[in-house]
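In what follows, a single structure is set out as structure tokens and then discussed.
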Amino acid sequence: MGSSFEAGIGLAAVAPFVAAILAPYIQRFAGAFAGWILAIIPASIFIYLLGFADTIIHGETVSSVIEWIPAYGINLSFLVDGLSLIFALTISGVGTLIILYAGGYLAGHHHQGRFLGYMLAFMGAMLGLVLADSLLALFLFWELTSVTSFLLIGFDHSRQAARRGAIQALVITNIGGMFLLAGAILVYQLAGTWEMSAVREMGEVLRGNELYLLVLICFLGAAFTKSAQFPLHFWLPNAMEAPTPVSAFLHSATMVQAGVYLLARLTPSLGGTDVWTSTLVIFGGITLIWGSLGALKQTDLKQILAQTTIASLGLLVLLIGLGSDYAISAMVVYFVAHAFYKAGLFMVAGAIDHEAGTREITALGGLAEKMPVTFIGAALASLSMIGLPLTIGYFAKEEMYLGLMSGEWTAILVMIVLVAGNAMLAGVALLVMIRPFLGEAVGTPKKPHEAPIAMLAGPILLGAGGIIAGILPDWLGHDVLVPGASAILGRAVKSHLTLALDFTSLLLWLSALTWLLGVLVYRQADTIRTVLRRFDKALGWTADTVFDIVMFSLIRFSGAVTRFLHHGQLEFYLVIVFAALAAALFGPMLVWGGLDWLEPTAELGDWSQRLIMPALAPYEWGVLALAVFGLIAVLIAQSRLVAILSLGVQGTAVALIFLLFGAPDLAFTQLMVEILSVVILTFVMTRLRLDQRDHRPFEDWARDGTLAIVCGLGVSLLLMLVLNGTLDTRLSDFFTATSVPIAHGHNIVNVILVDYRGFDTLGEIAVVMGAGMAVLALLRRQQRRVSTSPEPAKPKRVRKPRKAAS
Amino acid sequence: MSTVFLVVVLALVWAGISGSFSGVNLLLGGLVGGVAVLVLREAFSSPKALRRIRRVISLAALFLYELVVSAVRVAIVVLRPDLSNAVRPAIIAVPLTVKSDAEITLLANMITLTPGTLSVDVAADKSVLYVHALSMTTKDAMIADIANGFEKKIHEVFE
Amino acid sequence: MLEGVELYLGGTLLVLGAAFTLLAAIGVVRLPDLYTRMHAASKAGAVGGGLILLAVAVLSQDAAVSVRAIIGVMFVLLTTPVAAHLLARASYLTGYRPCNDTVIDDIAQSNE
Amino acid sequence: MNTVIFRTLAPLIVAIMLVFSVYVTLRGHNEPGGGFIGGLIAAASIAVFGMAAGVSAVRRSLRFDPMAIAGFGVVLAGLSGLASLLTGSPFMTSIWLYLEFGPSIIPLSTPLFFDLGVFCVVFGTLSAIALSLESDREEDL
Amino acid sequence: MTATQFIEWATLISLVLLAVALLVSLVRIVIGPSLSDRVLALDLLAVVAMGFVGAIAVRTGLWLYLDIAIALALLGFLATVALARYILLRGVRQNPAQGEGR
Amino acid sequence: MEYILAALVGLFIAIGTYLLLSRSVIRMLIGLTIFSNGVLLLIFTAGRLTQEVAPIVPQGLDVPEGAIANPLPQALILTAIVIGFSMFAFLLVLAFRAYQSLDADNTDTMRLAEPDNAPNPPLSY
Amino acid sequence: MATPTPTTNLPQAMIETVVPASDWVIVLPIALALMGAAGLMMFRRSNGAPLIGAVIVVLAIIACEIALLLEVLANGPVSMTMGRWLPPFGISLTADLFGASFALAAAVVTLIVLFYAELDRADADGRDAFHPMVLLLLAGVTGAFLTGDLFNLYVWFEVMLIASFGLIVQGNRPLQLDGAVKYGFLNFLATTFFLMSLGLLYGLLGTLNMSDIMRVSNTADPAAMAGVAALFLLAFGMKAAAFPVNAWLPASYHTPPAAISALFAGLLTKVGAYAMLRALVVVLPASRDMLEPVLACIAIGTLLIAPLGAIAETNLRRAIGFVVIGGIGAVIAGLSMPSLNGVAGSGLYIFHAILTMTALYMVAGLVEKTTGQTDTRQMGGLYAASAPLSILFILLVLASAGVPPFLGFWPKLLLLEAGLDQGVTGTAPGWVGTTMVLALLINAVLTLIAGTRLWAHVFWRSGPEGQGSENGSVALKPFDKRGQLALGATTFLVVGIMVAGLWPGPLMEGVSAGAADILDPARYVEATGLAGDEL
């Protein structure tokens, strides 16, 4: 087998995406034949993958690596072994039929192209997921399945139920995705590699690590959400809002099986411990029973099938949890069996809905006459689901019972669960096969007739496949069970499937018991349904309603938090900012001893020395006093204009302080700026007519005052702390020494401004220019509005200044 | 003609400010002044005045004298403990004999800076100057004071 | 010794200017209404500020500085009355009436 | 503000302020002052002029759009920084030329042009703001 | 007393007087009662500040401060004009008895 | 004397803060100006103080004769003053326009961007 | 003509070597942007097309920045000290990989937005100075990314701020003025805090050059340094819109025309976050260590609060504003775990956010334009009506929620690795890493919920909330020529984001190398010319 052939593994995952992008155009171009054309892609992938079968059956694996982010050791690495090949073949095989089916099912729908695109993208994601060797790549495709299924479930987007189902599925599976990501990174950090093929060699190390439980929780969280394990199962029935081809694909062979796949894949790395076994068995068992009961509650064909899917997923998880050779063998066979019959049954349900206009089994009957081919498909699938001999379902059941023959009480308990679950599933299968098709014909919304060939191909081929596998146990055992189970367990597993019925074996009697109970369930289906529904009513809520409650609570909580934090009052925002300022000022000083210096020390002198300024002349005190009184004048000013005048006073005082301490340029600039500020303020105030008083309620007054004092004090203390050190004057010394000789300027400050730090000044004048542009942008429209509107809308507000009287 | 004159004055002012009467500096001053005048060219009505330098000096001397006297008087008033007795404020209308804007302006400004009087407003028809007096004696005496003092000298200057 | 005379003269001018300025401020606080206060501010203020600039002119002993100082004085004398006039006029037009001690108000009469 | 006294004296005051502003700008490298303060004073003179003569008169006198003057200032300052590209030095390396006019020497330097740029920016921007605050008409903006 | 000492004292006294003048002007700004009164006081304050700068120039011998003083006179004038204009255009009804407008 | 200045800086900051917390936009602007002035003084003080000796080299000398005031903080403050003034001008005109358009200078009533009666988020999918 | 000779017995003051013209690529982007803005301002009344002028300038800037980036990639950080003065006496511009690549991303985004902005400029006559303002904003942003001097950083912050002021009021609607008041006061206050901390830092260390500060920062009182660092954190936190001082962003970002929102979302907060990275991680690492718990709490708060806002909001662009804030939380998360992965994650997140948040607002603007609504409750039906918008929107939702293989995933991966390493698997597990991982994961889920709700309401639902049947339809305005241009620009950007997400190798290598320089700034210091100097 050539290397380019192996390198094509990645292509198998990518090709559907390319096809997906082209799908809408192909659909536009090919119309009704779009399904047939697009089905070529999965079909060729299927054939391509079949090419690996020989290698895999011989116990080898094939891998291929596409470098992606080499610096981080992240590669798109793929590995084909028994497990992934079984999944990949199932996906591409069923996928081919589904694409065909969708071509017929959605014929004429104006978004059929989009739909086919989503389906293909989903298939690509799923193929990538099962073929990936890198945990990160697996996660990537895992998330892509969530996203594409989101789009598929919400395909019928104008109905709220569809949107809800889509969001629900995405949210739950995305939460699982986060678990998976965390788990993947943890494994990477513990094992030092992303490649699962390498990780499985380190199973002992992982299981022995103190973080094993955390890693396990992460992966179980991922698998349980994706594979709809109780109590996270509720999203799956809601996902039935999707068009039937989606249900057939996603909820039989593919997306929901991703969790099962993950668990199977991780069995050698993480499995086999007590926690693993007990968790999987318990959750799987509960899910099995819960799902089976759920199926019996329903009357909608799709809902029934969805619930049985939950049950089957529970069963698969349980089997992985058991982890014995038999259990794993059973899991492999059951997976294939389930894929065959469940996809077929969903397609049948879709065909019935499509042709008869309803999926309510209570409203259906006698369709076998009108839709004989469909009925054959349904029957074949149902028989496999019941697990009758000569179907693949039989072997699955047999294998799982085999593993529990030890006689330990836990095994017996599990066996009881299995039998009960299988029996109920068998009952449901009978229900699905018999109710719509046999018995008296019932009037339906549409006049039923046989579905088009594109929609029939799937059920028939899949049903037939189930039977063929059922009559070829050696092939099934050698080519499917052994490679799959060996890949999962990491050791060689033997197959012992046989068609011979051994009436002395307890096994057969357990199967018989299962069928018997199944018939009983079928007979009493209506009663059971009534009882279960009554029970539900008494309970009052389900996990599904809890989702709504959580979601709406989240939305309400979001609303409340947002309204509280962002309610639009600038004042409140400012309070937060200044509280943060106070914290930033005092926090570090309090924590790290920034206030220690307040204690008198010999070095710094006591406070009398620190505060009494022999150096300050009386007039300097006068200027400081002017600043203080100017500030107080601003503070107590009742009207804004008085505050503005007082602002000029404190500004003048600041300028004089600059002057007194040797900063003429500063004083100069500050004086000019301060006066111009007053002038501009006055210009603007000339046009404003404002309420003069400061209305501040007392609480605010106290709060603002406290904040102000704290912030002021904090700044003072921090500044004093800074002043306690000595200043490194390298820069200023340099400027002083070179200003005249090199920079040719006597005013050192100006030389700094235009030369040493001229770049700052360049930015600064850009700010000035920007201010001009911004102000003009502010003023322009308003004046246009005034001049163009025939009558000023609000004369009270837009007031032109009164012209001088004389 | 007047514009050139103004430019020359501004160039001299420039030279004075910058402390160098060198040729280049005067040229630069002329340039700066020229730009300033160019900017303001509309605003200058041709001033026919400023010819009789002797009269100007005479006026300036009078003004400076009056200014100092005025400042001292105000200072004295301000320091008096019985302030309310010292002031006898009034606003009186002084008829104007000078007519041109420049004359009125000069007069009003001088009145403001000299003892006891402060120009508040000029009537719209420029016939009357309203003057605030700090310590009124009689209305006629004040009007006569102004008419015989600054107004006359300004007349002479602007003749 | 001539230098000394300049210094004494300049120092005296400086103190005088400062004193006038302070008196102007006191006048602005003590006098009864805007118009009377304006007398103090414009006359004593202008003279005070002017004297200080003159002191600079005398003391600097630098022709350029002196010229500038004198131009500064002229500027003060130019602007002070204009500012006073504008403020007084604006105040009067917007209804600031002279204090009750005011004996004559010709503007008010002309408006009647 | 339409009084004889103000109207008559304003041009004189404005002219003096303008001259003073240029003086302060040019002197900045060696004494307190510089482009910013100069521009500020010049813009203040424009504000006085605007209050005395009206906005449209000022705009007519200025000829150029004040914001274009500001833009020119930034370009001038930037160019004075870029000039050092010719000398193989980093941005804003000063270049000094001493032009001899007979006895006097005029120092021309990139910092001087830089400061002139600052002057233009401040003058243009603040004039634009002052005038637009004064103006009621669309075309003035 | 030498000339230098005299100047030393003269500047000190002047600066003290001017500092007091600054504070006294502030009193009128605070107590008003009318806006015009406050504007007048601010105008005076600018003149006092100008004097202060001049006196500092004398005290430090840095004559260049003179330009700050001149500029202060220029812009102080601008401020007063703008405020007078505010009073006029806004038509602030002011009466000493009532206090002032906005 | 630096401590005194530091205390003064604290007063500027405190009063600026208090005014910024008032709801009137004009007062807030005044507060912002005072706050900025406090920050300018802070930089000035942090650069250490010397009295009355400007950082100007007398004509004819290459370096100043004695100690001079620290020129670098002055240059920084100058830049900051200019920038602060530009911002002030913009914010002032903004306040003016906001008053015109929104009929208020009380920030409590400026609620167009974040309406007071904002609806609760819809409980739907 | 005469040139005076400098006195000889001076300390060496200037760099004597000739500076190669190629070094100018570090300063030209800033100079060109500034002068371009000024030039467009000069001719704003002429009837030329300002778009063409602006595009030419930005293209020139991009060319320079590509050259700069190549130079940095080849030879390490590039530095130029203005005016030929020896550092730290002159202002140094220093670009390492982070700075150079962010600057480039900013310029590219600006170019795209310039075209996009034609959407709202039907009545453009150049007088509002939109194009000069955009260039000014770019100048500020570029300066902030490239400068090696803290005070200079302050100046560029202010340039950016004033330009954003000018932009946010473009159009002058009352709504905008309300937003601008909040934006203006809070942001100017933030830069004032920045200035305050700069003053204190100068008082402590006597220098402003970042490289120089790194050398001397341990000489000062640690409590005072921590105080200064806390002020930096507050100032940059406000700029970056970190919780709890993030209120200005949702109050204002939805008010201006969409092009301006887009530009802001791409550039403004990112510069705040970058400054935080630069100032705290590079320049003051010791103080950052002291403040680590605070940083962590800020990151957690931001990560958790922001998506709640996005869920709660019914105004489309306001909701996206909260998504922007959430991204800032991710950046700060990296700063609280400054391992190689943490810093690389922060850096890559900034890069991702520059592109993705801009694109989100661009799409939102198109949505608003075509539906004529701003409130999601009034929207609907776009899924059926506009396939391009649908694709763009869902891709961006996924990118911002960090779903692989979209661009947003990669920084999250790095951050999660950093968090798990610090919190669980590392040598000394601490609470910061663990909680950060939880916060990041919860943020991802909540962001996805918010995004899908928007998607469901705006796109899937066929009409406004509670109106008519589920199959009703809404009237949509088709795009005119300007709309097509805007749509094209958006698509271009989104395609770029997708490509970067699918082939993240170069980016990841880049941020990895960049983070190495951040954590060990020896090369940065050396480039500035300060290495080896003993104090």
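Order of writing sets the chain letters: A, B, C, D, E, F and G. Residues in each chain are counted from 1.
In the analysis below, contacts are C-beta pairs under 8 Å (C-beta built on N, C-alpha and C of every residue); 3 or more make two chains touch, one makes a residue touch a chain.
Just so we're on the same page, UniProt names per chain: A = Multicomponent Na+:H+ antiporter subunit A; B = Multicomponent Na+:H+ antiporter subunit E; C = Multicomponent Na+:H+ antiporter subunit G; D = Multicomponent Na+:H+ antiporter subunit B; E = Multicomponent Na+:H+ antiporter subunit F; F = Multicomponent Na+:H+ antiporter subunit C; G = Multicomponent Na+:H+ antiporter subunit D.
Since we're looking at a predicted model, the values are computed, not measured.
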| item | value |
| --- | --- |
| Both-way neighbours, i.e. chains that touch chain G and touch chain B | D |
| Pair with more cross-chain C-beta pairs in contact, given B-D and A-E | A-E |
| Chain C and chain G: spacing of chain centres that average the CA atoms, whole Å | 56 |
| Whole-Å separation of chain centres (CA-atom averages), chain C against chain E | 10 |
| Intercentroid distance (Cα basis), chain G paired with chain D, Å | 35 |
| Multi-partner residues of chain G (each touching 2 or more other chains) | 4, 7, 31, 34, 37-38, 41, 82-83, 90, 127, 129, 132, 151, 155, 158, 162, 165, 169, 172, 181-182, 185, 189, 196, 200, 203-204, 250-251, 311-313, 453, 456 |
| For chain D, residues that touch 2 or more chains besides their own | 1, 3, 5-6, 9, 13, 16, 20, 27, 30-33, 36-37, 41, 44, 47, 67, 70-71, 73-74, 78, 81, 91-92, 94, 96, 122, 125-126, 129, 133, 141 |
| Multi-chain contact residues (two or more partners), chain A | 160, 163, 167, 555, 558-559, 563, 566, 568, 570, 574, 640, 660, 664-665, 668-669, 672-673, 675-676, 679-680, 683-685, 687, 690-691, 715, 719, 722-723, 727, 729, 731, 735, 737, 741, 744, 746-747, 749, 753, 755-762, 764-771, 773-776, 778-780, 782, 804, 806 |
| Of all residues in chain B, those that touch chain D in their complex | 6, 10, 13-14, 17-18, 22-25, 29, 32-33, 35-37, 39-44, 101-102, 104-105, 108-109, 119, 121-122, 126 |
| Chain C-touching residues of chain D, taken from the complex the two chains share | 1, 3, 5-6, 9, 12-13, 16 |
| Touching residues on chain E, where the partner in the complex is chain F | 56, 59-60, 62, 64 |
| Residues of chain F touching chain E in the complex | 52-54, 56 |
| Residues on chain C engaged by chain E in the complex (per definition of touch) | 3-4, 7-8, 10-12, 14-15, 17-19, 21-22, 24-26, 28-29, 33-34, 37-38, 41, 45-46, 48-49, 52-53, 55-56, 59-60, 62, 65, 68-69, 71-72, 75-76, 79-80, 82-83, 86-87, 89-91, 93-97, 99 |
